[in-house]
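Shared chain: chain A. Partners: chain B in the first complex, chain C in the second.
Then we have the complex of A and B:
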């Protein structure tokens, strides 16, 4: 397994192609973090203002770090869910629909059962997770039992989810204004809101699943060699279905954090998560054909995507440039990690 | 006309061709026979340009040639009719015939289908095949497809100046008897237009068709005979004749097996289109070898034991219980371990390290409620790395980076550590160097001593004879003969070959 954290070899070794590819995401992240303050520095230099590099930067500040953290946490949860699927060599595109359904059902239940975490309404949280798991399970069943390619099965399920959410809300926005729930955003420890710590906890959980459970090991086995996994006696179908179910749960966590961040649940809650999360997974260095990568890669990927988004706002680039930059980044990331000598045909 | 002069070819650890001389005259039909692994296919690949020789030269009419790829060879009149048919089945017959050479029918970017059909019909008459050129290839029978393939190669006649050499690789293996007759008749007629190289493991067919026959063994041509002086027995002896080294196969360590309660009992088992009415017993401490040519059904029998194929009739009993569920999962649970031929595809997971590969089939033994005990895994892996002398710097090393022999040991450790006592070995020494082979033979004996029963599909006949307690010869999916392999009473290569082909 090659997750970034598990590097036991000394760094003093040769700069092999493998090693460069493996560490490229981290290098890119560091470079970006240093690059944006440099632009600020240049801008102030032109205007003749006094500016000490990094120290006077608006981008390179704790306040902005927290801003990036807040923006990144829901996407991180979604991307972590997608990571498991991509490690298996499949893909899950159902996140937008799943998030909308989870967010909307959560809001209905939460508001209906008391409207504050201090009442029975807290049950809406496990409910949302169960709904996410259920959607993921159905997704996996469709993919495995009907033998529909995962991208098609999940894309279709995503549309079903979006439609369902719209049907439930009738296009309305549900406001979740409970102070206790919103403390996810409003209460800060060490400058970072609670939601960042919640996300960190789930990231650690995901890492534990990835590296310390049979299920996690099986994801890598299926992605690295499905035929072999089967002839080692693995129930590959079951592993796949459990993978999609697990991803569904992480999508639901992402939905809860997204609602906590803006205090609104609606059909549009799920918008944009597909592109951002898949981009993050791929940019982080998890291979699209499976078997390589992990949740730490995804953390780096999510940070890269959000640093770019945030940094471009700070230096004043228009938002439509951002998508173009991200798209280019995906192509670069995949091109870098593909060994074209061993791949003859691509479908 | 066409000649190979002292052609040499090396692969890592293998000297595949040793100074091979080979000539084809104009209008001649040349036969090429040899065991699996004798170097036939390497030689063919050099002829049609897929490999380049390391030494020696290729000459056509005295001019030295060097082909970088099959297309260059084709442009000099060398065509190949593949054993695994190379037609694209969802395209039409004419599209297949002119695949890659459609340009001649294109005007202003548009394909003139009528002209292509006409040209295709012309090619098809050469092979006396009357099918619609616009028919989709998948609708044709195997025999018809073979002829289309031949027609495709014969387009060279119009395209190039000079003589044609056409390779036929096991062209009869999928044909019925009367179809074979038709093909032979056709080849004899076509010999006016082209020379043929006919490769087959059916010696009688090679004798019937060829003017001259090259016999290969261990990468060298051991004899060239003309049809008139050829003799089936004589050729068979030359194909295999070699003394077996008893030390090499650890024959002195071959102990009798336990003849009571069999591990596996096959009772008239059949799988449609693979094999029919196969019966045998496998006992503890026994090596049972299935011998036959490629496609004779031996691999399918292994796959049935493991649970990857479901019998259409007959009963499989494993350890006294009749098997009803044929899945790999159930097979593993019954204690069957499968060491497949394609290590890279089915043996080890690339990207997973040594201990992860070893525990892959037994994760529930190393986990509580799904949480892995990585410490235990590593301990077990270290133990087996020592026991099998697996050369790896670290049990955290990616298995894909180990040598073939060590990968094979990891696969064996996976099954042995999981307590499997029926091990299926499919070409366990393929692609290994001599030292690694001996390691595998040593492990076979050790497993026998530990009461493990082994079903083997060997890489060579010598290996089959040297290792086995029992040999079962299979031909075209049918049982031929059972040989006893007790040291001192082992059958000779010739005995086996005689029943195989």
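Then we have the complex of A and C:
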């Protein structure tokens, strides 16, 4: 008797409401990955063509997987940076400016110091990371020291960043054509370009920071209850500034990957990253009010957004519907992954 | 002098200081006709910011405003010949409906307004692209003039566009300060849990607030579309962040509950003066955006009322 009750409890413990909600983003991702090939299957069925579900799918292929990977990696890095901020319950809207400045300064330094990775120009990469960290640090200082909510501080910093990039380039485009640097995109291991592995390495680094360092735990402490964290002796201001600095570094990595992908650095390099990355973070299940979620959630969220975008093109949805479908699916994904029991109200 | 007592007055003091600085540097700024045209130009942005105030006042945000305005420019252009001036009703209703849907998704599906309004914006963008056939449309000039030509006239020196803006401001102010709905908005913004506990139907108040925001975005789109005599799915791009900035600089914090529509009027004027200053101070085009950002940080730091943020700055 005791055995049976133990077993049912184990099964019940496996499928609790909490656990389903926690895994909802992954379920949504799996459902989407199975859904798009189904549409292809239906289309071929109507036309009377031979089609084995999944096997003959153009969407569910390694080639297309690599395509999604290439599209997703810069956004993933930006979203990972934003994740730390959102875990703290703040928000960072400066990414577009930071990315543009990092990309443009990187390109200037890279071209000025030799134009190929085999020369001293490799120093441009750490330079871009330092610039990203610096911009993030300034962002955090403005937020904490001037007591401006992060939404406004980072929004204004975004304007400053985009403006700075425009000032530096004067509106010109900089071409980074070094083959060694572009091998980020062109050289493939196991069908995936190097930039995917670089992003994976930085994702693991982010996971390590989040789960195995005091700083990472402090992000959760601040997000879970700032006043509580403050009164238990945590230097909240310092944690916040460190968080924004860290986010700046990840934005810079995103900028480098974006330049590696397109081969061009310009003021517009950062365009469209802001809403995509924050949407991805939230879709992945990280709550905007802080304290919940993490970088793996963000990976799932970025994949969801990119799978939707890619899948709609593959099954040939008319372009004017795509935005609407994306919006609807984002609402569904977030609604599904919210645990209504734990949420008292939503702003 | 008590610092706490003058803090709420910081926004208009900042505005005054900015006007004086720009005027001192270039007295041409004080030319009344030039000033009037500056104010008239900012009317669509102001109307959008006015609606945004309601969303922010309850502690939310409306990121769909720009796309709703985009959609309305297309709707107005497409249906002008069919309905004449009646198209205005359709525009306002369309905005109201989209806003209400955002509110519904936020309150009933527990999607934060940051995401729900962003997503609703994508849906509005789709509608705009579908209706316009992804082309830039233009209005028939005679039809526009018979239906909306009055907008460009002026009575006793006051352009009618400005009169519309003032009327809408008066309406919003009345709604905010003189109705029970306005009190409910303040209650929700200051403390949602307390509002729920005191028996207020918070969901309905929030849905209505987002709907009003959408309706104002619709009006903004209509005015903009009439001004430019056309419609396009990207026409109002660039308005969203400025509208949010106008609300925040005016002194309505993102946490909600304080500030209001008069603050937004001041905030819009601050944004207008900063942007105009670039022209009057002859700052080159490539520097303008950066200067705008820096001045914005200073303006926000000056206008923000820290005492209302209850210690926590998120």
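We take it that the second predicted complex is superposed on the first by the 304 of 347 C-alpha atoms of A that agree within 3 Å, B and C clash if a C-alpha of one lies under 4 Å from a C-alpha of the other, contacts with A are read in each partner's own complex, and residues count from 1 in each chain.
Methods note: a contact is a pair of C-beta atoms (placed from the backbone, for glycine too) under 8 Å apart; a residue touches a chain by one contact, two chains touch by 3 or more.
Every value quoted in this text rests on a predicted model; they were computed, and no experiment measured them.
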Identify the partner contact of A:191: answer first if only chain B is touched, second if only chain C is, both if each is, neither if none is.
neither
Just to be sure I read the superposition right, which of the two partners does A:292 touch: chain B = first, chain C = second, or both, or neither?
first
After superposition on the shared chain, which partner residues are touched by A:272: those of chain B (first), chain C (second), both, or neither?
neither
Just chain B (first), just chain C (second), both, or neither: which does A:163 touch?
second
Mind telling me which of the two, chain B or chain C, contacts the most residues of chain A?
C
Tell me the contact category for A:227 with respect to chain B and chain C: first, second, both or neither.
both
Check whether A:150 is in contact with chain B, with chain C, with both or with neither, and answer first, second, both or neither.
second
Name the contact category of A:142: first (chain B only), second (chain C only), both, or neither.
second
Does chain B (first) or chain C (second) touch A:217, or do both, or does neither?
first
Under the contact definition given at the top, report the residues of chain A touching chain B in one complex and chain C in the other.
227
Show which residues of chain B lie in contact with chain A when the two form their complex.
306, 308, 328-329, 331-333, 338, 340, 345-353, 356, 359-361, 363-364, 366-367, 370-372, 374, 396, 414
In the complex, chain A residues that touch chain B
1-2, 8, 212-215, 217-218, 220-221, 224-225, 227-235, 291-292
Which stretch or stretches of chain C touch chain A in the complex?
59-60, 63, 105-107, 109-116, 118-123, 125-127, 129-130, 134, 192-193, 196, 202, 241, 244-245, 248, 253-255, 286-294, 296-297, 300-301, 304, 306, 309, 311-314
Considering only the defined contacts, which chain A positions touch chain C in the complex?
89-91, 97, 142-144, 146-153, 155-164, 166-167, 170-171, 226-227, 275, 278-279, 282-283, 288-290, 319-328, 330-331, 334-335, 338, 340, 343-347
